[in-house]
């Protein structure tokens, strides 16, 4: 099998702090990591390779620094990695991003088109979950999102059966290769790369593809110019105007304090009292 | 890839590990470096001061691209009691030289830069890899390292133990003891972020001049300890380190000492309005010369904090670490060049290089200092600071009492506290420990 | 005095970047009926406050947030009160500055 | 797409002020559409919230609001979807019916919605940010090569009639307003419980424009083998609970979370937690409230020991009443809480539970 996994290097958003006074993002000390959701996709791909043979190629689009994310992916056991990086890609929205990545995947698969393209559910900085569907649509892959389990793969019949999460339940689907799979978080546990994997990753010469190397000619479809959406304003959420009612714990026992809290709740929301019905005290 | 073999494996990507790996890689050795953190620096904690003199010997043009915060122009030594500090400040424009002597750095960024140099020199660096055990043959000679990654051990002619003060591998391989509670200090530290110009204003600095404050006294509540405050470009590293045995005996909480230090009237205004972004803790070797373990053996050498190479009196560590790492690398490469094997007798070269360097000389000079500080902690960290600050205040305060009376009262206070004999013996013992 | 607020250690630790290795605590306290003096000292000295007394006055550890300084190993490692190792590669505290 | 004037690689900022001259063939896109999502025969509440939002936008633009329903004729849900669309303010409804559309599959739904849009040219198309909505919106936007903004927390229309979609960015630390410059329709998805539920309007059923699906089953590759509804007895529906009690790092230990659950049960609410607790493995990911977890809009939200970082704030700001308990009087949560209690949550929770039980006892007149 020829499997491609799309990953993204993102700032560790849990570490992002907004400066209390200037409301600007405090950039110092916000390290970059592999988008956590993508690691579940990588593990799923590695499991398929271990079972059916073939190779897993990891692809990312980003600045030169994103090569570190590819190195880490190789260290987990991926076979090859490609960095898609070009000044023209700067400012791409999801539409332009899916265009560039789709072209790179086609270029990757010239000899042997990939059977499955894996992505994470979404990124923790973009959170749009749109690039996966974009790639599927452009490469005419079957689109299987929020997949929780790959039930079976039949390479001869080029069929695949998966379970995916949908509203209110789990859908079982039978589809065909090639397909795009976005993996839900929590479905597997990422392995630890072996010594050999780590050595290979540390020595890998990861190629950087500019637009031309990825077979992209239509520069107008890339970067800002290829992006229908544009960010006009970035601002901090405005703190609530009226200050919260402060209830201080004067002495240690909670009695009076608790009654005060409940009083303020019911005074603020009289209707609430009616809707309180303890549901079967266990 | 059946058990690939290397000339050398360096365990740890801190100051000593990077220096050793760089030295050997530059001499063409096939070197593998293991770092248990996500990236070099993610597990390293230090004040932190970089001593240019040590790094110049390894990477002469480091100033071109190394991430340096401020070059130091002012050193403040303070003796503190509850409400005051009495100090000696030394600041000189000479330090605004073309190649400044000392810098403040941020370890996570600096170690990552140093590791990039190590990789450029040809060393293979594996991160997120914990070395779990030494591979030793029946006679105890070290022949490689086991890691926590699937796959067998990695073999090498020599293993450079640059694993830090706890010496995880060394103690497990019975090459040394776990450090004693009275030979290590626990430092807790916070990174306070402030705009660059606010820092410059508060310490009277221009451009990227830097200032360091090191303070002893009642802030460590009788435990031998030292508070420190380093100015970085747009942050201040502030912390306090105390002898572990002292902390345990006094049942003191390090984070309470740090909060008290931060709230001290002399410190609070310097960090007012800051945004704290990290809280770290680290052990610092304080045993001095007497705590240095066996430094070499068949197939291994120990460098940096793992060899307890830290000068307590001058609070210098990273230069000793870098130098010991570099010398170990140099010695191994020399042995290799003359076709020698990595046996104990050949590796003695590393120890002799170390002996003739400042590293052992300084540690020999101050080998009594740790015991001196430890034995007299109550006097040195409680009584003297109080006496000194009272003396200073009485000297400064104008209250109608005659100067003669004031001096008499001050000397009476010293005599009452330490008696004539106590004062003399303290002075003699201090001088002997310092000589 | 909004500038520096007395902050509990939990708030300090919350600033740190930490990757928990679920189900694999890297330090364990040996079973004991009555804790040794050094074990009790850990409840005060540990900079990340990982050691606490449970309701039977025995020392227990929650190693999340551990700063991997080794103080507990120095005090209690040699005489076997605790089993001390580092977290697996890439896990545990990840200093942004250090 | 009209060729853009050759511009040098302009930095993002100047591009943002680029004039919005709409290419000719998009100038006659008009009206606001809302995709009505069906979940096992029921109209998903997010679609009703979007009808409310769509009505507001349509009124500002002076255009019509249309509900779009895609499904099979014999499914009762389709009938009720159309009725609901009109009951919540739609002026007209589009209906694509086909037996192929009984279960949700990406291919037929994308074709149905894309063909409708190409034919009737709406200017704004809104979908719920459910797993179905996100799966569909992504492929439709790519098919139409138009802009799509996900998880919007606020929608508005500028003077020149373009859609200003505001959403969290940088992991929720900041908000940003995004425009779709030179393509139509302007697509956006909104998370459930972010927009208010509009009032029902007893509105006569308006015109219904039907279309057939230009597809046969053989063309569709993916087949649905089956569907397993969440049979977990009480499905965690944090998103739609009226009362939520949540614990954060201030709770201290996993055991103390029991106090959060007991209080939640006592006052008939759901319990949840902040992200760090899920990372510590103290609670399952379905219980996580915030940017990367559930967005809740309860009547009462009780936060115990939660610092209220922005990532959490984004998920709870819709609550009618936020009561926050934290020892740190400077905790960010006090910036957006209605009632701020500076105390230790671990000690306070049991006392609160007892007090509520006493207060509610007369109602339930059950002996202790």
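Read from first to last, the chains carry the letters A, B, C and D; within each, the first residue is number 1.
Convention: a contact is a pair of C-beta atoms (placed from the backbone, for glycine too) under 8 Å apart; a residue touches a chain by one contact, two chains touch by 3 or more.
Just so we're clear, the structure is a prediction, and the values are computed from it rather than from any experiment.
Student: Contact counts by the stated rule: is the higher one at A-C or A-B?
Tutor: Between A-B and A-C, contacts are more numerous in A-B.
Student: When the centre of a chain is set as the mean of its C-alpha atoms, what distance in Å lies between subunit A and subunit C?
Tutor: 32
Student: How many angstrom between the C-alpha centroids of subunit B and subunit A?
Tutor: 41
Student: Could you give the separation in Å between the centres of subunit B and subunit D, each centre being the mean of its C-alpha atoms?
Tutor: The mean C-alpha positions of subunit B and subunit D differ by 53 Å.
Student: Please tell me the distance, in whole Å, between the geometric centres of subunit B and subunit C computed from their C-alpha atoms.
Tutor: Each chain reduced to its C-alpha mean, subunit B and subunit C end up 22 Å apart.
Student: In subunit A, what residues contact two or more other chains?
Tutor: Where subunit A meets two or more other chains at a single residue, that happens at 14, 17, 29, 31, 192.
Student: Could you list which residues of subunit C touch at least two other chains?
Tutor: Expected reply: 7, 88-89, 94, 96-97.
Student: Send over the residues of subunit B in touch with two or more other chains.
Tutor: Residues 108, 127-129, 147-149, 191, 235, 277-278 of subunit B touch two or more partner chains.
Student: Which category does the touching pattern between chains fall into here: line, ring, star, complete, or other?
Tutor: If you draw each chain as a dot and join those that touch, the picture is no line, ring, star or complete graph.
Student: Go through the chains and record each pair that touches.
Tutor: Those chain pairs satisfying the definition are A-B, A-C, A-D, B-C, C-D.
Student: Can you check the complex and tell me which residues of subunit D touch subunit C?
Tutor: For subunit D paired with subunit C, touching residues are 249-250, 252-253, 276, 279-281, 307, 327-330.
Student: Which part of subunit D faces subunit A closely enough to touch in the complex?
Tutor: 3-4, 7, 9-10, 12, 15-16, 18, 37, 39-40, 44, 103-107, 110, 130-132, 134-135, 137-139, 141-143, 145-151, 164, 168-183, 221-230, 235, 242-243, 265-268, 275, 285, 291-292, 299-300, 310-311, 313-314, 317, 320-321, 323-324, 329, 334-344, 347-348, 351-352, 354-357, 359-360, 363-364
Student: Report the residues of subunit C in contact with subunit D in the complex, numbered from low to high.
Tutor: 2, 5, 7-8, 10-11, 14, 20, 22-23, 62, 64
Student: Given the complex with subunit C, which residues does subunit B contribute to the contact?
Tutor: 36-38, 41-46, 48, 106-109, 111, 127-130, 132, 147-149, 165-166, 168, 177-181, 184, 186, 188, 190-191, 235, 237, 244, 247-248, 251-255, 259, 262-263, 268, 271-274, 276-283
Student: Subunit D touches which residues of subunit A in the complex?
Tutor: Subunit A residues touching subunit D: 11, 13-14, 16-18, 25, 87-88, 90-91, 93-95, 98, 124-125, 127-134, 136-138, 142-146, 161, 165-176, 185-186, 220, 223-225, 227-237, 239-240, 244-249, 254-255, 257-259, 261-262, 264-265, 268-269, 271-272, 275-282.
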